[in-house]
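Submitted below is the structure of interest, expressed as structure tokens.
Chain nomenclature is as follows: A, B, C, D, E and F, assigned in order of appearance, with residue numbering initiated at 1 for each chain independently.
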Amino acid sequence: MTSVPKSGLVVTAHPGDFVWRAGGAIALHAAKGYRLKIVCLSYGERGESQWAWKSAGVRLEDVKAQRRAEAEEAAAILGAEIEFFDVGDYPLRVGEAELDRLVDVYRELNPAFVLTHALEDPYNFDHPVAAHLAQEARVIAQAAGHKPDHERRYSAPPVFLFEPHQPEQCNFKPQVILNIDSVWATKQRAFRVLAAQRHLWDYYERVALNRGVQGGRNSGTAMTYGEAYQRLFPMAAEVLS
Amino acid sequence: MTSVPKSGLVVTAHPGDFVWRAGGAIALHAAKGYRLKIVCLSYGERGESQWAWKSAGVRLEDVKAQRRAEAEEAAAILGAEIEFFDVGDYPLRVGEAELDRLVDVYRELNPAFVLTHALEDPYNFDHPVAAHLAQEARVIAQAAGHKPDHERRYSAPPVFLFEPHQPEQCNFKPQVILNIDSVWATKQRAFRVLAAQRHLWDYYERVALNRGVQGGRNSGTAMTYGEAYQRLFPMAAEVLS
Amino acid sequence: MTSVPKSGLVVTAHPGDFVWRAGGAIALHAAKGYRLKIVCLSYGERGESQWAWKSAGVRLEDVKAQRRAEAEEAAAILGAEIEFFDVGDYPLRVGEAELDRLVDVYRELNPAFVLTHALEDPYNFDHPVAAHLAQEARVIAQAAGHKPDHERRYSAPPVFLFEPHQPEQCNFKPQVILNIDSVWATKQRAFRVLAAQRHLWDYYERVALNRGVQGGRNSGTAMTYGEAYQRLFPMAAEVLS
Amino acid sequence: MTSVPKSGLVVTAHPGDFVWRAGGAIALHAAKGYRLKIVCLSYGERGESQWAWKSAGVRLEDVKAQRRAEAEEAAAILGAEIEFFDVGDYPLRVGEAELDRLVDVYRELNPAFVLTHALEDPYNFDHPVAAHLAQEARVIAQAAGHKPDHERRYSAPPVFLFEPHQPEQCNFKPQVILNIDSVWATKQRAFRVLAAQRHLWDYYERVALNRGVQGGRNSGTAMTYGEAYQRLFPMAAEVLS
Amino acid sequence: MTSVPKSGLVVTAHPGDFVWRAGGAIALHAAKGYRLKIVCLSYGERGESQWAWKSAGVRLEDVKAQRRAEAEEAAAILGAEIEFFDVGDYPLRVGEAELDRLVDVYRELNPAFVLTHALEDPYNFDHPVAAHLAQEARVIAQAAGHKPDHERRYSAPPVFLFEPHQPEQCNFKPQVILNIDSVWATKQRAFRVLAAQRHLWDYYERVALNRGVQGGRNSGTAMTYGEAYQRLFPMAAEVLS
Amino acid sequence: MTSVPKSGLVVTAHPGDFVWRAGGAIALHAAKGYRLKIVCLSYGERGESQWAWKSAGVRLEDVKAQRRAEAEEAAAILGAEIEFFDVGDYPLRVGEAELDRLVDVYRELNPAFVLTHALEDPYNFDHPVAAHLAQEARVIAQAAGHKPDHERRYSAPPVFLFEPHQPEQCNFKPQVILNIDSVWATKQRAFRVLAAQRHLWDYYERVALNRGVQGGRNSGTAMTYGEAYQRLFPMAAEVLS
């Protein structure tokens, strides 16, 4: 493990999700030298592209291409690789092929953490599907009998759930507030790639500012911009802090 | 804050609690140079000293003296100071005097963490009383208008709830598993001071071994002995791990 | 939106469900001039028709025809349209075709509310399947890229979960108690169509009476018959009441 | 009940609470002609007045007088009466006298709603004390045998819990989002009376804006500024909406 | 333990509670030869006697005497002893004297079970006070150092919470449904002693009938009248059934 | 029902599960003369056989055969029949064929209880799939219209969830602690068949010992080895104990 840089994995249903919800964590760890990889299951072409469908005669392929370009640009700004599974959205459905590919990704990457959606979201049923896939692949990647010829250096990483749009309705409970002050400008640049969702720029800036205030209150150390995460598993610790 | 050593505070209802539930954390941080202080609200004289009452004519004061001596010895083994509030147990009741004194302790110590009981315990009603006191004093210590002449260097510390005897019935959920391998022998020596509760030595050794297995599973790094804690507040973080 | 009458949608797994659980709401809103539509996913032919199978040689098609006739009669009494998806019951399974059709129904109807099952029911696994379908279709109907040529006047309605048979085991929590006094006689007439489930007539009359008592207690205004609902989403309000 | 104007009651631990958390509801209902009354249990003199204690030699009475003046000014801006119980804060303790007086207030006012704190708040133990008092007095006011000579026109009102500072940590779940657009300017003027808590002006403006976005999403009707509430009891309804 | 008959303890806030909520269990076990004892903390004189206060000039002592007579009659019908603590209701407050007396009762009786209120009840704050007292005394009775001269034959009994008026709002979850068919007539006779709460006769008959249906559904064995209980602690078992 | 011996059904995802989690209950009831049947959905060949894959060139069929032999031996030691569904593991997927077969098993066996996995398990996604199948088949077996020619003597049995590896993370709450002292030696012999999971022998012995201590504490009757179960449904009772 000495010479391989650390890495992180992000599994999202739609492109907007990795920007609004995890853009700070991605940029922060990329800046620290981590290899960051986003697996984006769809282009958000049907449900997250309301504006694109306003003109008559729009073709699905055009919307997908446009969203893909945006997502690639946003990922690049944040410092991450991106792989699309292109399974469609609204509804997003995954099968054994996606599970299999994601298991491979876990093993290739051996990430230090994985970020994904909250376990429930009554506003968006694509989100828990993505979260379930991320969790199940993480476990299967541990199974010695799954593709037994793979080289073995994989250890199942901690899972951090990023913040959904309406956290209380999703039974989301912040357990970690990540200080993203040093990469806020980068996250904001990624926001601006999502030009059509302009109404969310301010919303998520306010979320970041209020989580920052909370991060400061909970730690006693000032923080301006924060991103909230919920842990799925206990953390092992060598010291309490 | 440079030259003052870090410190930790432990608030328990009875002496056994800090040994069985937090003895590893105490010894571990003491070994790292922290100043550790235990506030033990009672001597466990009525409810945690069943054996002592078996002979006829036992006096309460004698039981208290014996338990106090044991508690002091166990604290010394673990490397901690101990202060008794001597409020009685079964039932344990606290008033404004205890709250006031504990606020002073928080301010004097400015601890990096506080350890206390789970919020619920249907087997022991002294435990949530202690947990509530520990929490309320932690907050009041922040109030500028409480003894405004105190020097101000206090920052409310994170709260870690240690593991109750029957965790599921107390709605206790482990979020941190502390590796106590390096101090297990010390914790075990403290066990042996509590000679009359010998039936618990093995019980809590098994708890430590099984939490150790879980700590290893959750982190991918082997651990033999663990202590489980639940956090009350989100942690601020500079990196996800 | 001026001249179109308001409408309501009800999505149930079996015919009995819309009678016992939501018959009051259906009749009440129909009486107020709403267009009410029931989507009934199965005829309850295998699991809700115990009596029909008691004679030898009964054919599935006959049971379905009988249950369909009953369901149509009950819907007519309550003042609602009914559409059957005929997917079978015990187990009830839905696929993309049902989802697609239900999305169309949402868009055609643009309902002011949707009524469906509680999210959990350990006594009946068809129920959460219906509730999930009702929720997912509600969200997809919002997606501009789903059948983009549809006229757009759809707004995702509030979701009300009706009361399951054993509410506490389903984690059902009443948040709204609807006064159904004015339509109780109608609901009761619909009960009587379900001649073979006679043992439930009294059960659900008692449920209605006790919810009525609770409705009166919670509001200070007397109510004789009530139907309990749980809301899935916050309500926007112009006044607190 | 015809000629008496409707009224509303607000029970808070400290002055800031009714401004930040319920200022919109107060101003909105006052503007609609309701009589609004705030019962403010303390002046927030010790825990909510950090700045005041920064100069040497400050006296408690001076801080209380200053906070009282601010609270009266803020209440007047919002259009409400205010009564102080002056029980002290950090810790806030209430006894039978406060319970008795609050029961009288409920009976005098016969409010259409009562607003108070969330049931849990690990950041502030004064808050659940206030919420408990508000709830218990509401129930005792119903008891015919409590001061049986009182005229009887009291009906226990619905309870709305306003939003705490860190909602997820308090297990607060929004069920009602009140549109406060028409009174936002008034609420903001009340903010500015609390000059020393300037750092919270922006925080709570962001909260209001984000709750407004959520209110619009949940209802389909645009809202700019919102206040979130959780209901304690089921509501009786004549129609589903 | 051979020759002493088994016994059961019931701790309630008001007289109505043991009749409506636990009357079946009391009568059933009395009929089986158990010694049953009710500890009734108040006479329900202020909050549960609305009718008595309707005439002018009623005196508290008269209401108490009347309620006491009724409660004694109802207890006798059910086959139980009754002891009143006469601490007043609305609000009900208990202190060390009541705790001490109840500990004595536990030790005298060494009951096979204790029945008390649900842990939460937002409609009645006397109820959780009674439940807390019942639980705390149960634990203290185990403490060897509490009145060490008492003869020791006490073993802390299982706790069963009886059903509150609005179970879902109290987070009450039925885990045991007791078949009270054989004593229904007795329970109903006890109902009729509470002449002034006539409106509850039918309510609680409906509750018993519907719990009976549920008891039958969950066990496959018909039951007409049931009483629902929630267990606080795991049960030890020699066989699964 | 007189002459047919009682029976019990166990539904697990992998072989290890019935040994570690339910081996005591199986052996205990087999010793009492019950017919015990295990439905084991997979051989645990990919995810529960880490050691087997350590040598190069291992074939899946060989691992399956080896695990099958072990599982059969363990079942025989415990006194149970075993049927394999051989659906594969990591991931375990079930379809209508498995559901249909399991419904037949329920009807053939008419078990007095069914044991299966906890409803959630973030460490192993095969477990909740097995639990869901066990529950759904249990309900469908009640449907008169499912294979109506089957003889009818089936009554849906109580469901007991056995203890997962990390109970708090699975929201598992013990409600029954089964005394397995009389069959501990048998359970331990079954452990030893699972030679490759030797690291779990001690772990699950410690679990059994600590559950035994808890069983004794909760009942007042000593128990050395216990198995914890959570009930899914209320139990009907003729007496409280």
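Some points to look at:
Simple rule for what comes next: contacts are C-beta pairs under 8 Å (C-beta built on N, C-alpha and C of every residue); 3 or more make two chains touch, one makes a residue touch a chain.
Which protein is which chain? UniProt says A, B, C, D, E, F = 4-oxalomesaconate hydratase.
Keep in mind the model is a prediction, meaning the values are calculated, not measured.
Path length between subunit C and subunit F in the touching-chain graph (shortest route): 1. Under the contact definition stated at the top, the chains bordering both subunit D and subunit F are A, B, C, E.
Averaging Cα atoms per chain gives one point for each, and the point farthest from that of subunit A is the centre of E.
Seen from the Cα centre of subunit B, the chain whose own Cα centre is farthest off is C. Where subunit B touches subunit F, the two copies mostly use the same residue numbers: shared numbers make up over half of all numbers in play. The distance from the centre of subunit E to the centre of subunit F, with each centre set as the mean of the Cα atoms, comes to 38 Å. Averaged Cα coordinates give subunit A a centre that lies 53 Å from the centre of subunit E. Listed for subunit F are residues 123, 169, 174, 214, 233-234, each touching two or more other chains. Remark: the chains found to touch one another pair up as A-B, A-C, A-D, A-F, B-D, B-E, B-F, C-D, C-E, C-F, D-E, E-F. Across the interface of their complex, subunit A is touched by residues 123, 165-169, 172-174, 202-203, 206-207, 209-210, 213-214, 217 of subunit D.
Within the complex, the subunit F residues that touch subunit A are 45-47, 49-50, 52-54, 58, 60, 63, 89-91, 122-125, 169.
Within the complex formed with subunit D, the subunit B residues making contact are 96, 99, 132, 135-136, 139-140, 142-146, 148, 232-234. Residue ranges of subunit B in contact with subunit A, taken from their complex: 8, 25, 28-29, 32, 112-113, 115, 155-156, 158, 160, 174-179, 214-216, 218-221, 223, 226, 228-229, 231, 233-241.
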